[in-house]
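Multiple structures follow.
The same chain A turns up in both complexes below, where it pairs with chain B and then with chain C.
Showing the complex of A and B:
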C-alpha cells in the first residue's frame, strides 16, 4: 500500500482517481487542485506517489513537477493529463515525471503505471 | 498581422477535423454529426464549457448542450449518476479531454497548440470576441444534442 497525493483541478477527476487508487489498496493522503497546492502538500505530506494533471490554474503540472523535484529529487510523480502530444510527454518526463497517463484513462492503465513506478 | 482567408480556412479545417476525431475518441457513444455551418448570429448558450486555444492557432472550443446531455454522457463514460457540482466538474473535464485529444491529434499534422483549463458556462451567456465561428451539431444516441463551436480569434 502506498500513500498518494492526487492533483487535478477537476473535483470529478480527483474523485475518479481516488476511487480507483483506493480500490487498488492505496491510501489517499491528500488532494490538490492546482500545482502550487501540490508543491505545498508534497512537502507537508511526503507521499509515496503523486498524480499530477498538467493544465491547471495558478501553477501548471509540469512546473509543479520541477518545483517538487527541486526539493525532493526522489519524489515519484505520474502525469495524468488530457494532453498527450509527444512534446508534452517529453517535457513532463524531462521535468522528472516517471510515467504519463492520457485521459480518459482506465483503472487498468492506472494500476499499470502505479505498479511500475512504486 | 491578420491571417489570410486561405490560412483561416486551413486553421478552421484542422481544428474542426481534429475536434470531430477527438469527440469520437473520447465519448464512447454512437453519434451523428450534422454538416458544419458558419455561425451568422451571436453565440448564445445556457450551459456549456469553454476551452481557450493558444499557439499556432488561436481561438476557443465550446461544447454546449443541456446539462442532462452532459450528465448522460458522464454516466455512460464513468458509470455513475452526475448532478450538481460533480456534473459541473465533469462537464469541464469533458471539454478538457476533447480539447486535449484535439491538441494531440493536430500535433501529428505539425500544428502545435496549448489549451487553457476549462470554464463552465451556466445561465444565459453570450460569447463574443472572435473572428469566425463554426457550429457543428452532434446527436448522441439516447443523450441528446451537443453543439460544438470552433471559434477563431
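Showing the complex of A and C:
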C-alpha cells in the first residue's frame, strides 16, 4: 500500500483515479487541482507517489514535475495525459516523471504503472 | 458509473461555457494565443472526461477541435471566420450531446460531418504530416565506427548487447515509451545505435518493436529487468553481441539518442482565477432545505401567536429569539438560492452573433451587471422572455448597416443588456440604438386589429401607443421573418414577466433606439403580504402590488353604469368587493367606512374592498397543486400562525 497524491483540474478525473487507486489498495492522502497546489501538497504530505495531469490552470503538470523534482529528486510521479500530448509527456519524463498513463484510463494500466514505479 | 455522471455534466457545462466565451473573445482578438490555450484546455479536459465515460462522439469531436486549435497555436493556421464558425458549430453539437446525457440519453450524435469539416480546416494550411519515414528497415548491425567503439569499450569491461524491445499493441505514445526504454538502458551504459534511428523513434514511425545497441557492464538479467521496468513493454530480448572485426581506435562522441528540445510551456492559466472555498451542493438539497425552512417559517408564526396568547414572558422572549435567528437563516438560505444572471446572459453573445450574421447586420453586444444575483427560479423562467426581447431588438430594432449609414449612425449597431439591483427588485434592461418604435405603424396596426379606434389613437401619448405592443396578437414586423415574427407577440413576454411578479415597460425615441425594462422580484417563494379579513376568511395580498390602504366612507362610493367606483387622487378607479368575487360565506360587519386595498398593475389601479386589515406578515407561497388547477385570481396559499390556510390573491387578475 502506498500513499498517493492525485493531481488533476477536473474533479471528475480525480474522483475516478481515486476510486481505481483505492480499489488497488492504496491510500489517497491528498488531491490537488493544479500544479502549484501539487507542489505545495507534495512537500507537505510527502506521498509515495504523485499522479499528475498535464494541462492544468495556474501551473501545468510538466512545470510541476520540475518544481517537485527540484525539492525532492526522489519523488515518484506518474503523468496522466490525454492523446496528442506526446511532446509534453516526453518533457515530463525528461524532467523526471517515472511513467505516464493515457486517458481514458483502464484499471489494469494504472495498476501496471503504479506497481512498476513503486 | 452513475455517481460520476452528475460531476461530469457539471464540469462539462462549465467547460463548454468557457469555450463559448473564449471563442467569442477570440473572434475579436484573433491573435491572442492565451485564448487558444484556454479553449484548448477546456476541449482537452472535456475529451478526457468523455473518453473515460465512453462518450465516443464527444471525445472524437473534441479531439478534432484540439487538433485545429493546436495548429493555430503552432502558427500553422490563422484564425478565420470559418474556423470560428466551425468551432461554434462543434460547441453547439457538444452542448446538445451533453444535455442529451443529462436527460438520460446515450449522448450519441453523428459528428462525422463536423469532424470532417474540422479536419479539412486543419489540413487546409497544414503541411504534409511530419517526417514520413520511407519505412525501409536498416540492417540491425553495427557499422564500422560503432564496431570500433564497441571494441574499445570492451577493453574497459563494457560488453555490447543487442536489445530487442516490443511494445504492447495498445501502447498509445510509442515515441515516449521508446524514449523511456532508451533512458532505462542508457542508465546501465552507453547506447551506440538504435534501429530504427533515433529520429524515427522520436517521430513514432515504427511498428511495435525496435532494437537498441548498448555497451554495458551489466548482465543480461540486469538489462532485461531495467527495460521491462518500463510500462507497456510487452517483450524484451537481450542478446550479447560478438564483435567480429578488430576496430580502429578512434574516439568519437556519440550521437545523442534523445532530442533535448525543451520547450517552455506557455503559462496556461494566466487568468487570475480567484479561489474562494466552495463546495458543490446539489440543487435538490437546497430546495429541500428551503421547503423545510418554509415549514419552519409557518411554525414560527404559529409559535409567535401561541406565545403571545400565553402571556408567558420567558416563552415570549425565547420565541422572539428564535424568530430573529430564523430570519437570519432565511436570508442565508435565500442567498444560497441566488445565482448570478450570468447563467442566462451567457448564451446571448453567441445568439446575437448568430442572428447578426443571419440578418447581415453588425451588432455589438454589451453586457453589464452579469454578476447581479437573483433567485434561481426567477432566473430559470426569465430566459425565454429575454431571448424574445433580444431577438426583437436585433430583428426589428437595429437597422441594416446601409440604413444606419444613411441615418448618420455608425454601421455597427449597439445592443446593451444590463442587470442591476434596485431595492427589493432586480432590473434588467435591453437597449438598442436602432430605429426606435414607429408610432404610426403601431397605431395603424392597433386600429387594424381593433385594439383602438382612429380617434382614440390620436389622443394617445407616445408611451401609451408603445404599450400597445404588449397587447395580445401584435407584431409590427414588415414581413414575417425567421427571427422574431412567428406570430408570438410581446404579449407572451409580458404575461411571463407578470406571472413572475414582474413588470415590463418600454421607452423609445424615433431614430435613437428603444429600451425595454423588466423589473423582477428577488425571490418568489417567501413574500411579504398584507393579511386581510373577508367575512370568515383570511386572504393575503402581496405587498408588491399594493399602493396603499384606505378607509373609504360609504358615501364616497360611486355607482357608474352599475359598477362601483371610487375617487382616488383625482381619478376614478373601479372597486372590487372580494366577498363577491370569491363568494365568501358568512356576513360582513356593518361599518361606516369600508377598508379598501388599492392595488396596481402597470398604470392600472383597482380598489379591493375587504372587511378589515389584519397586518403585514411574511408568508410562504405554496402552490395549490395541479389538482386544483388555475383558480381565478388566486396565485397560491399559505399557512398562517394559527394553522389556518389563507389564499394569496393575484391582484393582477382582478384588474381586467
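Definition applied: the second predicted complex is superposed on the first by the 114 of 118 C-alpha atoms of A that agree within 3 Å, B and C clash if a C-alpha of one lies under 4 Å from a C-alpha of the other, contacts with A are read in each partner's own complex, and residues count from 1 in each chain.
Just so we're on the same page, a residue touches a chain if its C-beta (ideal position, glycine included) is under 8 Å from a C-beta of that chain, and two chains touch if they have at least 3 such contacts.
Everything quoted here is computed from the prediction, not taken from an experiment.
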Which one hits more chain A residues, chain B or chain C?
-> C
Which partner does A:2 contact after superposing on A: first (chain B), second (chain C), both, neither?
-> neither
Is A:62 contacted by the first partner chain B, the second partner chain C, both or neither?
-> second
Now for A:93: first (chain B), second (chain C), both, or neither, which partner does it touch?
-> second
Figure out whether A:116 sits in contact with chain B (first) or chain C (second), or with both, or with neither.
-> second
Which partner does A:28 contact after superposing on A: first (chain B), second (chain C), both, neither?
-> neither
What part of chain A is shared between its chain B contacts and its chain C contacts?
-> 9-13, 15-16, 55-57, 81-84, 86-88, 102-104
Which chain A residues qualify as touching chain C in the complex?
-> 9-13, 15-16, 34, 55-60, 62-63, 81-84, 86-91, 93-94, 99-105, 109, 112-113, 116
What part of chain B is in contact with chain A in the complex they form?
-> 26, 74, 77-78, 82, 85-86, 89-90, 92-93, 96-101, 103-104, 107, 112, 114-118
Can you check the complex and tell me which residues of chain A touch chain B?
-> 9-13, 15-16, 55-57, 81-88, 102-104
In their complex, what parts of chain C are in touch with chain A?
-> 3-4, 7-8, 11, 40-41, 44-45, 47-49, 51-52, 54, 63, 66-67, 70, 172-173, 175-176, 179-180, 183, 204, 229-232, 258, 260, 262-263, 265, 268-269, 271, 273
